[in-house]
Amino acid sequence: MPNNKGLKIVVIGGGSSYTPELVEGFIRFHAELPIRELWLVDIEAGLHKLNTVGNLAKRMVERSGLSIDVYLTTDRRKAIEGADFISTQMRVGMLEARGRDETIPLKYGVIGQETTGPGGMMKALRTIPVLLDICRDIEELAPEAWLLNFTNPAGMVTEAILKYTNVRSIGLCNAPIGFIKQISKQYEVEPDRIYAEFVGLNHLHWITRVDVNGEDKLPEQLSDKDGFTASNVPQQAWDPRFLRSLGGVPSYYLKYFYMTDAMLADQQQSLLRDGNRAVVVKQVEDELFKLYEDPDLNEKPKQLEKRGGAFYSEAAVNLMKSLYNGTNDIQTLNVANRGIIDFLPDNACIEVNCVVTKNGPLPLPLTKVPTQVKGLIHAVKTYEQLAIEAAVTGNRDLALQAMTHHPLVPSVHVASQLLDEMLEANRAYLPLFFQD
Amino acid sequence: MPNNKGLKIVVIGGGSSYTPELVEGFIRFHAELPIRELWLVDIEAGLHKLNTVGNLAKRMVERSGLSIDVYLTTDRRKAIEGADFISTQMRVGMLEARGRDETIPLKYGVIGQETTGPGGMMKALRTIPVLLDICRDIEELAPEAWLLNFTNPAGMVTEAILKYTNVRSIGLCNAPIGFIKQISKQYEVEPDRIYAEFVGLNHLHWITRVDVNGEDKLPEQLSDKDGFTASNVPQQAWDPRFLRSLGGVPSYYLKYFYMTDAMLADQQQSLLRDGNRAVVVKQVEDELFKLYEDPDLNEKPKQLEKRGGAFYSEAAVNLMKSLYNGTNDIQTLNVANRGIIDFLPDNACIEVNCVVTKNGPLPLPLTKVPTQVKGLIHAVKTYEQLAIEAAVTGNRDLALQAMTHHPLVPSVHVASQLLDEMLEANRAYLPLFFQD
Amino acid sequence: MPNNKGLKIVVIGGGSSYTPELVEGFIRFHAELPIRELWLVDIEAGLHKLNTVGNLAKRMVERSGLSIDVYLTTDRRKAIEGADFISTQMRVGMLEARGRDETIPLKYGVIGQETTGPGGMMKALRTIPVLLDICRDIEELAPEAWLLNFTNPAGMVTEAILKYTNVRSIGLCNAPIGFIKQISKQYEVEPDRIYAEFVGLNHLHWITRVDVNGEDKLPEQLSDKDGFTASNVPQQAWDPRFLRSLGGVPSYYLKYFYMTDAMLADQQQSLLRDGNRAVVVKQVEDELFKLYEDPDLNEKPKQLEKRGGAFYSEAAVNLMKSLYNGTNDIQTLNVANRGIIDFLPDNACIEVNCVVTKNGPLPLPLTKVPTQVKGLIHAVKTYEQLAIEAAVTGNRDLALQAMTHHPLVPSVHVASQLLDEMLEANRAYLPLFFQD
Amino acid sequence: MPNNKGLKIVVIGGGSSYTPELVEGFIRFHAELPIRELWLVDIEAGLHKLNTVGNLAKRMVERSGLSIDVYLTTDRRKAIEGADFISTQMRVGMLEARGRDETIPLKYGVIGQETTGPGGMMKALRTIPVLLDICRDIEELAPEAWLLNFTNPAGMVTEAILKYTNVRSIGLCNAPIGFIKQISKQYEVEPDRIYAEFVGLNHLHWITRVDVNGEDKLPEQLSDKDGFTASNVPQQAWDPRFLRSLGGVPSYYLKYFYMTDAMLADQQQSLLRDGNRAVVVKQVEDELFKLYEDPDLNEKPKQLEKRGGAFYSEAAVNLMKSLYNGTNDIQTLNVANRGIIDFLPDNACIEVNCVVTKNGPLPLPLTKVPTQVKGLIHAVKTYEQLAIEAAVTGNRDLALQAMTHHPLVPSVHVASQLLDEMLEANRAYLPLFFQD
């Protein structure tokens, strides 16, 4: 952290409706994270949103009385130069692309989801080359910076960065912090009294230890059939005898894998009843931006909380604080495996508890990995590895291997048709797949 | 091999219609495998078949002029005592159980197959305790004997024996030898000019090297979309662009995983059109036994070849010969992993090329393991480990975990219903699951 | 920690001259470690010392005004029953045995040292069976207790406990905390601003990362040829070009391995000049006990600090505090390897940074293991494994293998003679080796 | 093997006195190894010897009546072009350098040996860069050729080639074949009835299985205290209780490690009594060359057998035959570890049983690795890795690390002095260490 006048922080995709969350966090924890410059960066097409949210950010800072300079720019390189922390939150192809990711698979009887399955794969193919491009700039202009990657599929994007660049990157998700908060509330203890062990990948983890004040609460958690469920995933109760013998509390994303039939039926019905979910999200966003435009608004509006990204800001600010101060506390992050999950390659990205030192996260060894979960972790990682390689090469055969080997895709035949249709639908965002 | 007067060989399930195949092999290779006693063992319920096939065996030996004594018995312990080689080929629950294994899953839209999926799992639950029981006798009465296990699911049964007994056991399948034969014919070379590397599990392998006279023929094999197909699996052509980028020639059983939809449709149609396949097999067997009863028949009848078990005899006799003589030749066998597939446990049973020394098979390291195949291997092995543990404990929760985690089973919901119905249907053969 | 009235702590070898150190720590940190009962245990032969030091302990507690009950006993089982923490500090054979450990090898031109080489091996052979015996009591009477083992050779003793008992044991040494203190002083920073990565075994580690406020100070440390040297090891300067390319700051015990000739010469000269060091230590102890007898003394005497065991108390109390409170801080401990040093077995005991959770230490992965250090670590661990097995079996052949394979022993010939003489000299303490 | 007119074989260091051995083998096995061209290559300084031995080779071929063309050349590139097999047998610095390798260490009380210890290290430093240079030519001119490396230290040279080039190289030693021959003679069985498992490195192996006709003869071998001893190593009997509990028959080179004192005394005495052994060898060679000059000599002279290189020719010709014909037989070779010894890196060169396929050797997994041997293997491999890196970089610090970490070198102090003197003595052959 060379900048002794304070930190330079860059938010790529700064025009996102989530940005006020982040800004609020930066203000609240300024004593521990002395930011001097905050750069919000976006692309030309997002300039209007950038200005709207950026001006709200400026008003929030002004109200706080802190001396943070807020910059709004489309000049990514200028923003990155000399940065201490860079965070990314972007959506290549915007909500329209998400809409296609979620609906095209449904036509083939396949789960339509924005971070896993064929939908998540398309998001990875669109996003990875853009992120790698940003990383080239970071390597040149801020080689010591930490890149906090929130961009989904966060595990795959982080793995691509780890494999193809020298950027110091960490993938982040709000699910782990959400679980801790819930347990903290349920048992009425401070979060630092809880030790929860996460095993698996981003959006594909099992929590195999839940110690509250040193006491094992896992059996209790596994007898709770409603389980831990985020609001953005349809409620489907777990089969009690399955849950109790699973060996770990499943991530809510695992319902796509373990209850594929019910989840698919629900998605198909939702689409018929409510239309494309991406359209709904679009409306929520439009309303938020309308609020943000109010020149008298100088704090994060309540409505943002309903948006679904709870704890994103907390996760990001916590990590920056710990890296900056070398607090050696434990956080659940997406980092290189390096032997932690002994059946995956060293350079696979996994979601795992880490001690956050000043020189980066050190993953903690896993004390229990139930037999049950190994095959599915490996099956999904196989898909991820193939899809990442397809994303950086534009190789259609690899893309077909990736999609066929995804556990949610039922056959080569379906994979082949889905792939052709989805690649075509994303043509504008997949230059590597449509070279002449 | 203590018996210097010649070898004692025991065939458990000796009343099988395949036995004349084996006997023919023993006669043909007597010079290299000097058998003195051949014991055919079966259960009371199979006594009639044992006598029928056993008397044919006696006539075949008589015709050969060799001094082999053939014994027919239901006294398993007497047969095992002091044996040098024991082979098993049994079907707990007989063809009726197979019929149920193949048809019940179809009602739930799941593949019905006798060695994999829910059907194969039921076969494992029925068979493993019986085999372990036999192994207790071998440990006591013939601790130095080699047990050649043909009983399906051969990989799972062998893994159970490796984990729970001290018997020297090797699992065997006719598929690898069949592949070598086909390549030998296609390129007009002797089998010993071919090096084919098998990666994976029993009935779940990919052939990742096909060297003919030292030349790499893999690309050629991967461009053959009809692929290598045994007669007992419906013909479904491979997608050419999938096949060429898969990295290995897939076992024909992989069609159940890669073309689940088409294979399922075919099974459902077959059932409607031709009825239960087990019934058809039953008719074929009945006809064979009618032939065997002919007191003038003293050789293996031609009709047996159509039965589908080509090369079983050759595989068994080859292995016995090599163990007996310590020939150090290479055979593809089912043995303990011990680090060969680096992401599976040491005690997992895998299908792999081995050098057959006098003291048993030494597996050869794999030179290529395509990323593509890792996830599926691990997913199926996860199911296998759970199912084996369920089989030896009679634990229904474990059985549910096993069935749910099988890649051919679409959800906990389906697994739960299928499990209950199939356990009930097999009640007579699953004492551990129906204890009071 | 079931005891809500406060903790029960047991010190086995409570009559040690170090005990006042421990008691002082317990008093100082009582707020974080609410001790209710302190049991000092010793054997009959040590009863006088136990009473002397125990009465001092009682006076110290009284002076503090805390309500801690101090018990002095030779009834080990009564002491252990229901304990929360047990620490051991014992010397089987007392200082006389140490004298022999340090002097007999010198006759053969071999390093005489109390924790490594032939001397350390004898200490291990004497001590391990006694510790395992204590562990049987703990398994029965306090199965949830944590055993903090300071008894040298601490790594080997802890490995024996991990391998042969179910006791939750952690090995401890004061060297790591001493290094941190020194760096803290040198750079004038708080200890929690330092991240030092320890690689290796107890008394055989290299420090491969020294981050002070996140800055890499390793090159600076490796250019300091006088290095870090404890007062109880003769000063021998490191060769500067060797040190700078070694990849880690060597433990001072490594001088026995890297400067064997000079260290041996020094030991031989010392013996001639000053006599047996154990005798000197004995005198220091006698003087300490004379001080302890003073009924007006009610605090730790200054003279104890010169004794050489600096930081022992701090290490012990820190660890108990962190286990009790689940502070998740980082401490350097001796625990089971479980994959951290990838070339050693999972059940080897290593010295490594750990996060101390309420349920025990989780070792942190190593970020750098220089090629240079691997062979020596493995060579010493090989000796340790063989010696531990010899200690629990009393097998002389294993003992010979252990001694011959110790890197400080030059040949089978020397090992054989040394072993015979040293076993005989320790006959009274090695019942397993002298059975009829 | 593209050359359908017959094979082109190149012997680098063709002027060696061993060459007639090789030529005799080529003639004897011509039916299985149809050589068409034999190129003997040497450097200018060796031209006279090349012509002498080369003309003998021509007379031997002529006598055989085979149509093999023998070429004598100093044009290495011309020789290599299009070669099928290349073997190397060279001595950079000739016998004079060997003399220094063997005698300088003795002055410091360190073993002087041409393939291990400081002497072997100097040989490695001189040799590796020359071999890598040859490999550049092979990569360009004969990329499909097999390089059989006999040049000592064969394990280290082969590891350097595996790490720094793409040449298909195999290291070879005559010790394993010698052991098999001895067992074959002792038990009066054919070599193919013996399975001996070699564990370790070149000149540092233990034989942990000796099966003769499937029977375990290891205990018998371990009770033979005179052991297996080659004529070029002084006879020192093994300690019987050490040998019987070692877990494997030690290579005779292990006497340098296990009986360092006696071996050193013997070397020092020999030097005083007989003078430099390299001088003796030189005389033997001179006499051989005098014989070779005889224009009437057209077969290998009996005297060559006394020279000490028994079975070199057999080892080389066996390997070429098996590679050419793809015989899948088992030979003990020096190849990349790739997981076989689980504590060494994948790219370490080990000595191990291999199945020799047409596409190269496949190492066989080890069935027993005694704890005893692990530390020493790792310690020596650590030295080897460091020395190889020193050889290719000319880095003196690395060279000091390598020498200090060699188990035969007693301290940094000795290593430092020895290194300086030996580097200086080899200045002419170490351009990388003496750059300006």
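Should a chain be cited, it is by its letter among A, B, C and D, assigned in written order, with residues numbered from 1 in that chain.
The definition used in the following text is that a contact is a pair of C-beta atoms (placed from the backbone, for glycine too) under 8 Å apart; a residue touches a chain by one contact, two chains touch by 3 or more.
Model, not experiment: these values are computed from the prediction.
Engineer: Tell me which chains count as touching both subunit B and subunit D.
Structural biologist: Touching subunit B as well as subunit D, we find no chain at all.
Engineer: If you take the chains that touch subunit A and keep only those that also touch subunit C, what is left?
Structural biologist: Under the touch definition, subunit A and subunit C have no mutual neighbours whatsoever.
Engineer: From the centre of subunit C, which other chain's Cα mean sits the farthest off?
Structural biologist: Result for the farthest chain: B.
Engineer: Would you mind pulling out the distance in Å between where the CA atoms of subunit A average out and where those of subunit D do?
Structural biologist: Here subunit A and subunit D have centroids separated by 56 Å.
Engineer: Centre to centre, by mean C-alpha position, how many angstrom separate subunit A and subunit B?
Structural biologist: Their C-alpha centroids are separated by 45 Å.
Engineer: Which residues of subunit A are in contact with two or more other chains?
Structural biologist: Residues 342.
Engineer: Which pairs of chains touch each other in this structure?
Structural biologist: Per the contact definition above, the touching pairs are A-B, A-C, B-D, C-D.
Engineer: Looking at the complex, which residues from subunit D come into contact with subunit C?
Structural biologist: Interface residues on the subunit D side: 238-239, 241-242, 244-246, 258-262, 342-344, 371-372, 374-376, 378-383, 385-386, 396-398, 400-401, 404-405, 407, 410-416.
Engineer: So in the complex, which bits of subunit B are touching subunit D?
Structural biologist: 1, 192-193, 195, 211, 213-214, 326, 328-330, 338-340, 342, 355, 357-359, 362-365, 367
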